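Next up: some structures, all given as structure tokens.
Presented sequentially are two complexes of chain A, the first with chain B as partner and the second with chain C.
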Partner chain A sequence: MAKRLDQNLGSRRLLLLGIVAAGVLALVQLGITPGEMIPSDASGAGVGKFFLAALTPATGADTLLIAARAALTTLRFAALATAISVVGGFVLGFLGSTAWWPPGARRNPLRLGALVATRALITFMRSVHELLWAVLFLTAIGFSATAGVIAIAIPFIGTFAKIFSEMIDEAPRAAADALGASGASPLRVYLFGLLPLALPDILAYILYRFECALRASAVIGFFGIPTLGQYIKLAFEDLNYPVVWTYLYMLIAMVIIFDLWSGSARRRIAH
Partner chain B sequence: MGESASHFRLDAASVSFGKVDALDRVSISIDPGERVAIVGPSGGGKTTLLRLLNGIVRPSAGSVTALGEALGSLPAERLREVRSRIGFIHQHLALVPNLRVVQNVISGKLGRRGLLRSMRDFLFPGSADLEQIHAILERVGIAEKLYERTDRLSGGQQQRVAIARALFQEPLALLADEPVSSVDPARARDTVSLLTELSEEDGLTLCMSLHNIELASEFFPRIVGLRAGRVLFDSSPASLEPSAMRELFDLSPGEALKA
Partner chain C sequence: MSGRSEQIQALRKARPRDRFLRGSLIAVACLVLYSLVMGDFSFTDIFSKQSQSRLATFWEYLSEKDEPGSPRDLIRIDLRSRALDATMTTLWLSIAAMFLAGLGAIVLSAFAARNLATAEPFIASQKPVTAAKRLAWGGVVWLTRGFLIIARAIPEYIWAFLLIGLFGLGAWPAVLALALHNLGILGRLGAETVENQAPQTPAALRGLGASRSKIYLTDLVPNALPRWIVYFFYRWETCVREAVILGMLGVTSLGYYIFNEARPRDLYDVMLYFTMLGVGLVFCADLLSALIRWRLRKVS
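And now, the complex of A and B:
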């Protein structure tokens, strides 16, 4: 037993060393030197001006009104994208989990094939970042509000599906088996024997991801939908840093307010 | 009717998990309304036998008939129909802890109701169902817990919920796997007594696995002794030989090897 512990410790140390080594190697490969990280005088002045503006954000009624409106739009896009992603995540998460399978289903090549295909699709959806999807939509079909929502929804569906299916597969199986033993079909076993057990965790995770959706929705504004990102981009182009900061503060405030609310909501769900 | 008149019938049924024989050519027949206790040491095959009776486990040899259907070759749909008429009370209760009592009980009918109906049952149970569930909870002695979250109940009360779920199935037979192992010894007698009473009142076939042979003798007119996957005896408690009992629980390693 003691020997195995030692070995575990050894492999952990090795992993840590590996990570550090990979980091150093990456620095060397990219040709980054410590000197480069210090900005030149000219760009340094720009950076200084930008951060100084943080102390004096624009507080004009116009700016505040635009910020409020943009925040509301950001919230709407995030909510719509999250809602679509939750539905898609449930469907793919169901197909990507095996806990509800009747006994013996693992030997069925059709089922296994469908499972592998679903998991591959899930992995594909979430390995491409929402910004990359946005770029793809922009170049392929032009950008629209719908494209913005879909760009966020695709990787979010993938992430939800992966997490939901894992939570379902890790839920205690006893109740599900009991329902199966009383004649419930696999779908009903899933809905009433497994999902209720995983639901508190799933809800907490949805709340957490909504926060990510808020940020994504704001950033997607850079591609031309009227969320906070679009106004930040415009103000940036005008070098109007105080206005940039007003929008940034608006975004931060949104995230903080949501975090406070969702934190208490998550605690209520857990109990 | 002859054979099909029995509720459960095993004909030389064997179950093996890999190289281990959990059951070895077991033959028994249980009539409708009969009450049978399966006794024997743990690992003797009691749970496997019960799981064989409702098709959770399939025989590797021999045949199993439940409620007139041969389970070995039954398509999934028909197997679910048979199961929906057999209440199974699991050793570890197998309830969903974070649901209300009423939701756990109503899920007893999942095998016989459509998907949409089941969803409605779960979220907005109908008044007829609520009345029926309340009546069942009254019978098992926890009527006031209808809307309580299941994990807020004591172990004994949760067991009553598991029994109520099986009863709400409106079963023809009840299978109970060591129902006394999840409650304290003082409650064990109550549980066995409750299950035999309920089965008697509703005319249900009852088949219960028990470690405790005294309880079995007190409440069951028929006792099947199971050891190392084989039936050692199958008789009424009155005609049970003391030597047979000794053999059942004899722990000598030589004996275990021979079996």
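And now, the complex of A and C:
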């Protein structure tokens, strides 16, 4: 026991040392010195001005109206992208999990091939950032609101599919085994034996991802959709810092409100 | 038989229901429907004549072969030769940012944890505590949490856009942007981990006269560490993806070559080449992080 604990501490110490060494090496490689971290006098004035403006955000009626409208657009894009991703995530998550497989299916090369292909697709969708998907769409088919929603949805589908399949594979198997033994089809085993048990975790995860979708939806505004990102970009380029902060606070308020709501929803789901 | 179905009906009626959750579900459904009705999403958009012809051009450029030695081909070779550089820059950006975010989170978690940053940590104080002191500690927690939530609510890309605009183009504002957002997340999760720990040992240490920082460093941090490392690597995976796209703002990570070099020149094959390098890098980071998390779970 003592030896195991010792090994445990040893490997952890090694890991921490590795993280610190890699961090310092990265800073050196990028040429970041402590001197560079503090902005020069010229840019320092701009930095000071920008962060001081945080205390005096613009509160004109027209600015607030634009902010509210942009926030609503941000919310809409996040909601649509999440809704599409949840549906896509369930389909791919079903194909990417093995818990519903009838016994003996593991020896079927066709099934195994399909599983590997699904998981590779899931990984690929997840590995390309939503903004990069947006750029690829922009280049290949031209950008539209729909392309924006799909750009956000693709990596989200990948993430949902991965997490859903993991949660379903980790759900208790007793009910699924009983259903399978009494002759239920694999789809029924999945829908009635596995999904209900994993559902609380899945719902909690969807709530968490929606917060990420809000941010992604704000950022996609940099590519021409009138979400908060677009207005932040325009106001900042006009050096209109108080207005920038109004939009930033709008985004922050959305995240805080959603955090409070999802927190109480999560607690109720857990009970 | 009818008795059976009545029983089922009775069970159905008696099932636990939650007004709040039901209301939330209806609100979410309405929101999605409203977004659909507002026309943010329509299939005719993506299958329009315009996008069809653009797609055709895209394929044409993609499959087109340039003469070896032609100017376009030379640019292509030049861009491809910078692949390793761009990949390493992406990797270093993500590592430097996570290192700083981790350091910051270790410090700020202490000030955001309500069980530690209080006038009477873990056990009641012998002397009566003044109201001013209570208020001051409340202020510390409130300010720290406020900073963390602002850092977290603003996405990396927007932080980077703002900081590059303010500091001028360079690696430091990009690293700072990635670090700030991740600090917001790690700090919040870190404080939660500290708050959820068993209070017995800290209370005993406090009884022996240990200071807050001693309790934090000798008991709370070591116990929170396995969890923190798991969170750290979860965030690092995401951070690599983000470091790729920060290139679009001018830092020479992979995104720079995709967005600012290959795309304006219509070198779509180079664009996809750098995109796939990003996919490969993210895949390696995922694998490493999964491996470390798996090992940690095995030993602890």
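The criterion applied here is as follows: the second predicted complex is superposed on the first by the 270 of 271 C-alpha atoms of A that agree within 3 Å, B and C clash if a C-alpha of one lies under 4 Å from a C-alpha of the other, contacts with A are read in each partner's own complex, and residues count from 1 in each chain.
Everything below uses one rule, namely that contacts are C-beta pairs under 8 Å (C-beta built on N, C-alpha and C of every residue); 3 or more make two chains touch, one makes a residue touch a chain.
Note that the coordinates shown come from a computational prediction; the quantities given were computed from them, not determined experimentally.
S.K.: Now for A:31: first (chain B), second (chain C), both, or neither, which partner does it touch?
M.R.: It touches chain C, and chain B stays clear.
S.K.: State whether A:43 touches chain B only (first), chain C only (second), both chains, or neither.
M.R.: second
S.K.: With both complexes overlaid on chain A, does A:102 touch chain B (first), chain C (second), both or neither?
M.R.: first
S.K.: Once the shared chain is lined up, is A:131 touching chain B (first), chain C (second), both, or neither of them?
M.R.: second
S.K.: Return the chain, chain B or chain C, that is in touch with more residues of chain A.
M.R.: The larger set of chain A residues in touch belongs to C.
S.K.: Look at A:200 in the shared chain and tell me whether it touches chain B only, chain C only, both, or neither; answer first, second, both or neither.
M.R.: A:200: touches chain B, not chain C.
S.K.: Where does A:181 make contact in the superposed view: on chain B (first), on chain C (second), on both, or on neither?
M.R.: In the superposition, A:181 contacts chain B only.
S.K.: Which partner does A:192 contact after superposing on A: first (chain B), second (chain C), both, neither?
M.R.: In the superposition, A:192 contacts chain B only.
S.K.: What residues on chain A touch chain B, complex-wise?
M.R.: Going by the criterion above, the answer is residues 102-103, 174-175, 177-185, 187-189, 191-193, 196-197, 199-200.
S.K.: Quick one: which bits of chain A touch chain C in the complex? Just the residue numbers, please.
M.R.: Residue positions touching the partner: 4, 7-8, 11-12, 15, 19-20, 22-27, 29-32, 36-37, 39, 43, 46-47, 50, 75-77, 79-80, 83-84, 123-124, 126-129, 131-132, 135-136, 139-142, 144-147, 149-150, 215-216, 218-219, 222, 229, 232-233, 236, 244, 248, 251-252, 254-256, 259, 261, 264-265, 268-269.
S.K.: Would you tell me which residues of chain C are touching chain A in their complex?
M.R.: 18, 20-21, 24, 28, 31-32, 34-36, 38-43, 45-46, 50-51, 54-55, 58, 88-89, 91-93, 95-96, 98-100, 102, 149-150, 152-155, 157-158, 161-162, 165-168, 170-172, 175-176, 225-226, 229, 232, 241-242, 244-245, 248, 255, 258-259, 263, 268, 271, 275, 278-279, 282-283, 286, 292, 295-296, 299-300
S.K.: Along chain B, where are the residues that touch chain A in the complex?
M.R.: The contact residues of chain B facing chain A are 54, 56, 76, 79-88, 90, 92-99, 103, 107-108, 110-112, 115, 118-119, 122, 165-166, 169.
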